[in-house]
Amino acid sequence: MIQYLLLQGFQMMLVLAVAPLLIGIVRKVKSRLLCRIGPSVFQPYRDLIRLARKDVVVAHNASWLFLVTPYIVFSAIWVAAALVPTYALGLIFSWSADIIVIVGLLALARFFQALAGLDVGTAFGGIGTSREMMIASLAEPAMLMIVFTLSLLAQSTQLSSIAHYMMTVDVGLRVSCGLALLGLVMVAIAENGRIPVDNPATHLELTMVHEAMILEYSGRHLALIELAAALKLTLYLSMLVCVFLPWGMALNGAGTLTLVIGVGVYLSKMAAGGTALALLEVTVAKMRVFRVVDFLNFALMLGLLAALLLFVSRSI
Amino acid sequence: MSALEALLLAFSGDLGTAAVTVLLVGPMVTAAVMLLVSAHRIAVVLGATANLVSFGAALVLLGHRPPLNIFLHVDDLNIALIALNAFVAFTSSLFSAGYIEHERRIGRLNRRTSQLYHAMYQGLMFSLNLGLLANNIGLMWVAIEMATLTAVMMVGVYRTPPALEAAWKYFILGSVGVALALFGTILVYFAAASEVGDGMEAMAWTVLLTHADGFDPTLLDIAFVFLLLGYGTKAGLVPMHAWLPDAHAEGPTPITAVLSGLLINVSLYVILRFKMVLAANPHVLPPGPLMIGLGLVSVLFATLMLYRQGDIKRLFAYSSIEHMGIAAFAFGMGGPLANFAGLLHMVMHSLTKSAIFFAVGHITQVKGTQQLSAIRGVGESHPVLGWGLALGVLAIAGLPPFGVFMSEFLLISATFARAPVLTLVLITGLLIALGALLFRLNEVVFGEVCGVSLRRDGSYVPLVLHLILVLVAGLYLPPPLVAWFQHVAAQLG
Amino acid sequence: MPGQGLAFDVAHMLAGGMVTVSFMLLFQDRLFALIQFISLHALVLAMALAWQAYIQTAEHLYAAAALALMVKAVLIPVVLHRLVRRLRIERTVEVVVGVGVTMLFGICLVALSVVVMLPVAAKSPLMWEDLSFALAVVLLGLLIMITRRNAVGQIIGFLSVDNGMTLAAAGARGMPFLIELSIAFSALVALIVFVVSLSHIYKRFESADVQALDRFRGDTP
Amino acid sequence: MFLPFVLCLVPFLFAAGLLVTPVASRSWASFALYGVCLGVTCLLLAVGVLGLAAAGEGAPPQLMRLPLGLPGAGVGFRLDSLSAFFLIVVNFAASAASLFAIGYGRHEHAPGRVLPFYPVFLAGMNLVVVANDAYSFLFSWELMSVASWFLVIAHHRERENRRAGYVYLIMAAISTQALLITFGLLSDFGRVLDFEAIRTSPHAVDIARLAVLAAVIGTGAKAGLVPLHVWLPLAHPAAPSHVSGLMSGIMTKVAIYGLVRIVFDLLGPPEWTWGAGILFLGGITAVVGVLYALMQHDLKRLLAYHTVENIGIIAIGLGLALAFRANGFALGAALALTAALFHVLNHSLFKSLLFFGAGAVLTATGERDLERLGGLIRGMPVTAFCFLVGSAAISALPPLNGFVSEWLALQAILISPELPQWILKFLVPMVGAGLALSAALAAACFVKAFGIAFLGRARTVAAERAVETDRTSQAAMLILVAACVLAGLFPGMVVDALAPVVTMLVGSHLPVQSSNPWLTLVASTPERSSYNGLVLMVFIALSALLPALGIYGLASRKLRRAGAWDCGYPETSSATQYTAASFAQPIRRVFASVVFSASEQIDMPLPGDARPARLTLGMKDPVWTVLYRPLVETVNAAAAVVGRARTLSIRQHLSLVYAVLILLLVVLALWQ
């Protein structure tokens, strides 16, 4: 029992630890690709600590909601990220939430973050919130359609079961799988505010979304929100690899060695994923806000198509 | 009660016969007295008393039916209607007391015209009672004709050009209707005479009913066409309805209430009598489609007309046409349930519509106008009237907890599966009517208050009494009434 | 008591005569002519009634015949005549549709009356003849009513309807209330004439001034 | 043994309504009346709970008959698990509303127009769910409509309210007539009106199909299924807020009860087409409802449109359940039906809560328009908190109750590929996408509603000066908040309580949840899917506490107040904030330009021109333009044509009669 709890606890700590590193890797790779040296891959840790030590400056009219939001956002995303299998399957609390709940937790975080964006009553907060909700209103259904596809394939909505299914059953190259993968990547890009949907590196661009929403945050609050954003990226990447590249994960009740191998494989997968993301970001240009709609509609259509194909092919 | 009973028994030997005598002689004598007495107060008291006595006699009749006779009879069909008739006549006379007084005060009626009015009122009651009690088809015709003439007198009582116009229209269309009905009656006599022999027997409805299966079907068919169109004119069925809105709008409101509540009902009742004869003959063409057709046309026409009215009394007059159409539809569909629904609908409509006209009468007097555009926000300025009208309109639109809901419920649930398209037409009509009535109600009762507010005394008792009765009927029907109606419904075929 | 054949033939002839007079009424467009013909119509009716009284040996029908002769053939036409003079409308020609169309339609009506009563013939030809002629007179009378714009013309139409009704009633053996009905109808007609002569309502059948009516009724268009 | 209690308690409500009429304007009348209503509804709630518990133990339905109503037939009542469940739904929200109204009702300026009808409305809803024959069902149904109509036009001086009442009562009448048709079809020509008899008698396929169609129209018009929803956003906001809460929260549920009772219970084994139809309507309703809501800036109207959305979600569950049942998938049917009924309960809780919140805002500020609110969270912290929880719940956010029913519905959709019919195979994923879309849009909408009304800076003086509502109103809202949270954390208990209802209707139920470890909710098998709101809540709490403790202990805990940063360009005017309309602008561009043909017209004055710039929004409601306006125009045109008869002269009228006579004679001649 204790062992199981420890394994679960380890996973929570693992994602927490990996998240800033992932950001660091992406930034580093991007810099190198742009012929810059770039900060160290550990710079995000330092930033977070620095932010945490600073005083918090809050607008006069900010309400209690503004103050608790960072904690809610952080905890919801952390829990969600910890529920995605990383190095092992079938952890003790994996049943407490399936993939739909994970989507729900992300929605919860977004809900509060959006409210906090409106709390101070500034124009930038409003613009960010409004756009964020518009993007989410398309990304969330797209995500759910992809969830449908995966669940229909694996006959389960539990990520553990899906990953297990993908690992053990010879799925083969199914069209639905490919569509779902492409869709999930697109949703991940949109949800994490990466190029071409949003630019995480700027603050003063009229097309910014996520950064505008958190403009009023400072100090430890900002640290939490930044960490939550990093966790969200980790979550999506973990989900991608656990579903589509499930190899190397430890199965339920595996030995220590397998677990260690699992962790190693996971870390390398994340590093590869971060690199790929950086590659993508330097090769495409940012879109106008209302082009994002088309982008996400495409993702939604992909998800729907994938689900439809499965619905129809089930009886053949 | 026992003392009165004994007195009556001593008087005639039979309570039922005594009651019938009171019902017929009472109003007639009162009418005669009224023509002589000109004092308004005496006339009012006398009239109300006479109607109260009639009502008492009708109640006695409920328990003691007189023996059959070839001129008059009391059976399951007319017994409830007689009681209803007497009741509405009584409440209307209470209402009319205050109403006429007000009209005299503002000078719309003078001593002579109000005297004529009171006398004709009793005359109308006599003819309606006679029409209901008659067992002779000739007598029925005479009664309806008399009722029309007395009603014409009262419609024109204001002597204004529109009132005379309305009376004239009523008179002419009524006369043609009377002629058609008479021809139908003669044809029925022809059919009967060859079967039961010449003479009075061949005009007695009870005799006709028992021998109907041997009558010549062709004659009966043609007769029914004439009777339906003839009496249908009096019942206000479209396209014979033209007199009805004018007569309703231009006459004094108590008469409007009586016209809508009683006269058109009695006319429909006479049609039913003949329909029963037809139903007893297996060879005739079924009269159902004819009645359904007229009924639906009436419903649709009247409901659409509801949208075009600017006068509050005309509005509800068209609603009366609609409800007669519904009843005709019900009897046309036939079958025990639909017939039952039709009978119930007649009773409920009578009570509800007269209640509405009581409220409307009060409202037109306090507002000094019949124009809908000038009557607004009554619910605020006169809460009792406004709410009384609102409840009445809801009731007539067929919403619970009122009795009309029950009859419409029975009708539609009984007929939909049999004739879905026709019933759908009916339902459409009901909805359109609701839309129109509610549209007006919204402004009349709930709009912004406007216009004058004159003084008006008079009792709200009739209004409240009717509404309570309609409400109770929606929840509970007395078993004897149900038994009578069920029996009649079976006979109606 | 004459034989069945003769009784039938005479009754037939008189009833047919009434239909013929109805036709004449139909194509009259002058009021005085109309009044004269309605008088003739009532005269034929009185004869028919008397003949029925004779063959049925029903005394009360004589009374009805006398009544018809006095009231309908003499009294009412005279009153109408005076009315027309008083109102100065003797020259008005007010027929709604052309005479040719009306006549054609009238013939169709007679055919309809005969055909619709046809099934009765199988049972009793006498009754068939009787009733189909009476029906024809009634329908023609109504047609007269609706093809005249003038109140007097319409009263005459109504009178001929009344005559047709009485003819039908007379044919029925032992019809009770016949006299009463006859009186009632005469009274009705008298009342109409009375109202028309008393007020200047004679045009009101037509109610041409609809907008004026709307004004005082407050109808919204 | 519980049914008589219901029938004894309901007359108290009628009596209360009657007795309060003459004294309605006294100050204590409102207090007394709502107190009585609170007491009676609490007792009725207890009856419902006991009844459901008894049904869970296998007790047979209780029947009663009173010699009222239709002659011969009498009035039948029945308390079975379905009725008991809906009694609970109705009376829980009703007692909360009564409690809320004890405080809120004091602000009513026309008590005489509200007090008499409020208890009648409650009585009507209670009677509908226990009625056991067509007459008493429709009687109570219409009574409910009429009573609520009076409440809708309580503030009749406003033209808008009168119009709302008008549309409402017409739609209610359409609903009643459609249900009347249903019963007409099922009742064997009006002879069999008793539900017991209708239930046991067989129905021909075509008849049953027509009956379902009519029932969907009838109950849909009352529940607010698109395109029959038009009255709902007009009527619900017009009523006083506690009544709006009842109308939106439970009257629409009573309509759902009608649908379930007729389609699941009375009609016997379903066909899959019924399910497909209801599913389709549900999908459309869910998406269109929330899109409408997003376009609103009237707080109560926004909430009303959300009711439309939620009815769509419930209909999706019901449709799926029918489709499963028609194909013999008992577990699927049980899952979908559980989802639908769970959502019924949920929506009754959070929609009442939200309307109460809106009511509190309305009394505090006198405003329903979002554009004139703002910053209320400072003046009205409790209301804000309650509204926030309600918003989160209705947006289907874990770990609250709204998420659970949504989760169950999605689980039901995920097992539907087993359905053999092709139409369903295409339809279900579409509807699933619609469901997901509506959930995401709902979140956006409530960010807007809460964010614009409660957060930011006050846009008007009234909003600035708003003070917290009274204690009883707060208590009512807090009770509902607690209910939302508890139903979210312990969904297994609700699912278990629903088991007898679901068993009665589809013959199967979900696995018993109370035996699951850690009170986990399992839809079918644990391998397939599971959800544990409680554990999740604990996790979230812990993982929020941990960094908080860490940061506070090891790093900084200082907090400074300063002016807003806003990228260095703070504007002092509160008009520079985002408004509801500007918040919705991106979504309006994306969706509404197609659905509502929304258009924006910008009037930008040239330099030197002193007039203000203006942005005009144009929006068309497709349902009105396509369906209702032509209908109204047809009636008007027909009335105009018929109205010409008015100008006919007497002679022309006579000609008409004559023509009919001749026509009939000709027909007769031809016939013989």
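Residue numbering begins at 1 within each chain, and the chains themselves are lettered A, B, C and D in the order written.
Note that in this section contacts are C-beta pairs under 8 Å (C-beta built on N, C-alpha and C of every residue); 3 or more make two chains touch, one makes a residue touch a chain.
Everything numeric in this text was worked out from a predicted model, so none of it was measured.
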Q.
Contact counts by the stated rule: is the higher one at B-D or B-C?
A. B-D
Q | Centre-to-centre distance between chain C and chain A (centres being mean Cα positions), rounded to whole Å | A | 98
Q: Express in whole angstrom the distance between the two chain centres, defined as the mean CA positions of chain A and chain B.
A: 78
Q) Taking each chain's centre as the mean position of its Cα atoms, how many Å separate chain B from chain D? A) 44
Q) How many angstrom between the C-alpha centroids of chain C and chain B? A) 31
Q | Shared-contact residues (touching 2 or more other chains) in chain D | A | 643, 646, 650, 654, 661, 665, 668, 672
Q: Identify all positions of chain B at which a residue touches two or more other chains, and write them in rising order.
A: 168-169, 172, 176, 218, 222, 308
Q) Each pair of chains that touch: what are they? A) A-D, B-C, B-D, C-D
Q. If you look only at chain C, which of its residues touch chain B in the complex?
A. 116-120, 123-124, 127, 131, 134-135, 138, 142, 145, 154, 158, 161-162, 164-165, 168-169, 171-177, 180-181, 184-185, 188, 191-192, 195, 199, 201, 204-205, 207, 213, 216-221
Q.
Considering only the defined contacts, which chain A positions touch chain D in the complex?
A. 12, 49, 52-61, 63-65, 71-72, 74-76, 78-79, 82, 93, 95-98, 100-101, 104-105, 107-108, 110-111, 114-115, 117-127, 129-131, 133-134, 136-141, 143-145, 148, 151-152, 155-158, 161, 203-204, 215-216, 218-220, 223-224, 289-290, 293, 300, 303-304, 307-308, 310-312, 314-315
Q: Report the residues of chain D in contact with chain B in the complex, numbered from low to high.
A: 67-72, 134-135, 138-139, 142-143, 145-146, 153, 156-157, 162, 165-166, 169-170, 173-174, 177, 180-181, 183-185, 187-191, 193, 207, 210, 635-636, 638-640, 642-643, 645-646, 648, 650, 653-654, 656-657, 660-661, 664-665, 668, 671-672
Q. In the complex of these two chains, what residues of chain D are touching chain A?
A. 374-375, 377-378, 381, 384, 388, 392, 395-398, 403, 407, 410-411, 413-414, 416-418, 420, 422, 425-426, 428-430, 432-433, 436-437, 439-441, 443-444, 446-448, 450-452, 455-457, 518, 520, 526-532, 535-536, 539-544, 547-548, 551, 554-556, 558-567, 570-571, 574, 576-578, 582-587, 589-590
**Q.** Contact footprint of chain C on chain D as seen in their complex
**A.** 643, 646-647, 649-651, 654-655, 658, 661-662, 665-666, 668-669, 672
